[in-house]
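Letters A, B and C mark the chains in the order given here, with residues in each chain numbered from 1 onward.
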Amino acid sequence: MSTPQDPNVREQPAVAATGSNRETILSTKGLTKKFGGLTAVDNVDFSVDEGELRCLIGPNGAGKSTLLELITGQLTPTDGEIYFDGTDLGELEPHERMDAGISVKFQSPHIYESLTVEQNLHVPLQRTSRDIEPVMERTLDRIALTEKADEPASDLSHGEKQRLEIGMAITLDPKFMILDEPVAGMSIDETGDIADLIQSLHDDGMTFLVVEHDMEFVRKISERVTVLSQGSILEQGPIEEIENDEQVRRIYLGENA
Amino acid sequence: MTELSLPSRFDGIAEKLNGPNTLGNSRAFWIAFAVGMFVMVAYPFARGSYAAGQTSLFLVYGLLALSLSLIWGYTGILSFGQVAFFGIAGYTYAIVSLNLGGVFGQTVALPIAIAVSTLSAFVLGYFMFYGGVQNVYVAILTLVVTLVLETFMAQTAGSEWAVGSVKLGGFNGIPGIRNFALGVEGASISLSGSGFYWFVLALLLGAYLGGRALVNSKYGYALVAIREDAERTAMFGYNVKRVKLAIFTFSGALAGLSGVLYSTWGNYMDPSVFTITFATIPIVWVTLGGRESLLGAIVGTIIIERLRLWFSVNASEFAIVFVGVILMTVVLVLPRGILPGIRQIYLFLNENGPRAAVDHGQTVIKARIREALQTVGIDASDPDTPSSSEVVRE
Amino acid sequence: MTSGFGATGALTPLIIGDFLGFLDSIGVPVVQLLQIADNFAFITLAAIGLTVIFGMMGVINLAHGEFIMMGAYITTLSVNVASLPLPVAMLLGALGTAAFGAVIERTIVRRLYGRLLDSMIVTFGLGLILTQGTRIIFGNTLQSIGTPFGEVPGYTYSGYRVLLMFVAIAVLSAAYLVFTRTEFGIRARATIQDAETARAMGVDTDRMYTTTFAIGSGLAGLTGALYAPSATIVPGMGQAFLVESFVTVVTGGSTVLLGTTLAGGVLGTIDAIFSNLYGNFFGQLALLLTAIIVIRLLPDGLTGLAYRIRDKLGERQ
């Protein structure tokens, strides 16, 4: 199950480098997804650099989740390409993309409700680690669920479930972490905890792509922000610039106000 | 594991057999299990060889039940097709052993029959899982495959339907299959009565312990994770399709072994193994015993088959009605099956003592009865106020 | 046996016969088309009740075959015992099964929403009880009421079976209209898409489920009623419809009525060809293989294919 994929794949040169001096880890070219008559993602050229913490914002229906699902492979693009770490993802099944170093936390908590917290963590861990115990302990500590290790996951609060799922995703030790609304439905304290967790992982060198509606949270963690609107990239840049952009304010932030 | 306090070389074995994916892991469980095994082994001495031979059918069915528990209880794939692989193996065994003749023919037929059922499961599984077929669609497709096999076998009465010297025989099936035997001419064993009983019991024990080791291994975690949330599991890098195909194929092999033993037990094979009624029976066993419990599957099999035997003697026309009632009642009232139920009672008794248990039981039963009465009450009451059922369910 | 259809009933085969004779004379392969139409009618009618319940509620009713049997029994008994005219008996068959379906939804199926596989198992158990219960009460077979109309002149083809083809189209159209054009249909579909929102908007979702299940059951009962005159009335008769109806659900895809119609057309043609050439088993085998191939190639069934073609055409314009 844990057989590595074709060893040739990762040795291909990185493509579509951006102007940044860091290596591009993820890039899309002309990425398009149509559902019947609706174009959810429209000819998007998008890239994320290695070690970056990027936030993706945009009004409901802008195509954010679709874009994420195209990257994870849950959806197949109508047109266009996605490159990750030099590999064309087009040929890869979702699980192969995870093997390549992508990890994801879904929008609504996707955990194994009938298993305990520890058993939940066991599922991803047994694939990646020879020595499970120390990683288990470290992860439980990091997501602050050590005391609840033996409780069924169904008994956790919403915030704890979110933390557990993030914990499960990071045990894969991914290069690239996708978080779809990590603080949705959380209290202010819980939001702060998640922000700290993301920051500490980011400091360790993990690349993030975060979709989030909570602008306070985005302001706190983000370096660069990409704004998606009607399936296309509207604007891209540092958070201060984005927040002062007239067009963005009108289309997106205006809606929130 | 430490509470077993066995010599250290057994610790390794115990560790493989025990784990979160099986219900009974305690010392008390294993002692009870050993007592149960002792009774099972001693059964032929108490009841005689003929009775043991009859009872061995239940154990043969136990293997079929295990195959369904693995695929459905642990992996969440409801297969109505276990009887298809069971029947395919039985027919193959009949055709090969009767064509080749003799003990040698039977010895060769065994691996061929299991290989054919395994391959059938692999091919069907490949098309389903790699074709993206999921959930209810798997159940429907496996059922349709089984029914089509019934149609096929039922229309093979003509003499043109023969493989070698063996006629498929339509509804009458293939008679004259010999008792289970292994070896070559001059050095062989043929099993019937008590001998067959012990042989099947040993196979069942092996399959059960093997199954326990499987579900408590890394692989077992993958199975349970897929049952709970297949998409999430794929996002942890598991090749969900391949795991599903592997366990489906393995279950097909186990069902095939069961089918071979069945054909040698009754000395015939006919299309009734592909009927919708027979396809349901394994689901009844596993549902009753507890689908997420390997032992539950076996216990459920023995209970149901014992009762079916009673019905066939005393009230044959009500046997199927009884099966239907059991199926509906268990799913509605005790969805996890009786073995997990017993375990819960045991745990509760351990923690709270018998007095509290009786009180708790009364409360639960009262609540259930009230709920049932209210459901009926709603039916009788004004249909314009169905929202009241919301309140009831709260 | 044509009681109730009267003089016009007796005329029908003549009219059909003339019409078919005309088609034959201009080179249309009438016999083959009749076979396909007959199979189309059988498959769509076999499946319609199942697909309405599955498509609208996501529940697979494994007692579907027994609901069909129930419709046939009520119809047959109404004619044999109560001497009712056939159309009235058929109506009773459909309504009786619908009422039974409503009761089952209220008492059993309702508790299992969200537990799809469990609802399959429970309805399977119900099917076993119904089949065997019917056998215990009414014995192994009922006296058949016989097929009205006789054969179409010039063809060895029952006029009644030809009529069924038109009935199949009428039933599909009626179901389509009910679920797309009526207040009930809109509310039912809102419930199916998002029960919570529908409830917030004042839709009585419990009642929607009951009604939808009753309609699906009633359609199954109607199928039984329609085939009662030409089928052998035995407790296990519902099983004759199972393979066809399940394959249709699998092949049709997510959109109930369009899927059923498309699958009925495709599968009916395939079944007609293979059954005629090689017999019933190869007909069923061909259906099964078609279903597997369709699933392998078209993730969303024939409906998905239809939508994709529509999109492609839309782009070109």
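In this text, a contact is a pair of C-beta atoms (placed from the backbone, for glycine too) under 8 Å apart; a residue touches a chain by one contact, two chains touch by 3 or more.
Computed from a predicted model, the values in this text were never measured in an experiment.
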Query: What is the chain whose Cα centroid lies farthest from the Cα centroid of chain B?
result: A
Field: Interface ranked first by C-beta contact pairs
entry: B-C
Whole-Å gap between the CA centroids of chain B and chain C: 33
Intercentroid distance (Cα basis), chain B paired with chain A, Å: 42
Query: Distance from the CA centroid of chain A to that of chain C, rounded to the nearest Å?
result: 47
Task: Would you please write down the residue numbers of chain A that are in contact with two or more other chains?
output: none
Message: Taking the touch rule as given, give the residues of chain B at its contact with chain A in the complex, in rising order.
response: 20, 218-219, 221-222, 224-225, 228-229, 231-240, 242-243
- request: Please name which positions on chain A make contact with chain B in the complex.
  value: 1-2, 72, 74, 93-96, 98-99, 103-104, 106, 110-116, 119, 122-124, 126-128, 168, 172
- prompt: Quick one: in the complex, what on chain B touches chain C?
  reply: 78, 127-128, 130-133, 135-137, 139-141, 143-145, 147-148, 151-152, 155, 276-277, 280, 283, 287, 317-318, 320-321, 323-328, 331-332, 335, 375-376, 378-379, 383, 386-387, 389-390
- request: Going by the contact rule at the top, pick out the chain C residues touching chain B in the complex.
  value: 54, 60, 103, 106-108, 110-112, 115-118, 120-122, 124-129, 131-133, 135-136, 204, 206-207, 210, 239, 242-243, 246-247, 249-250, 279-281, 284-285, 288, 291-292, 295-296, 299
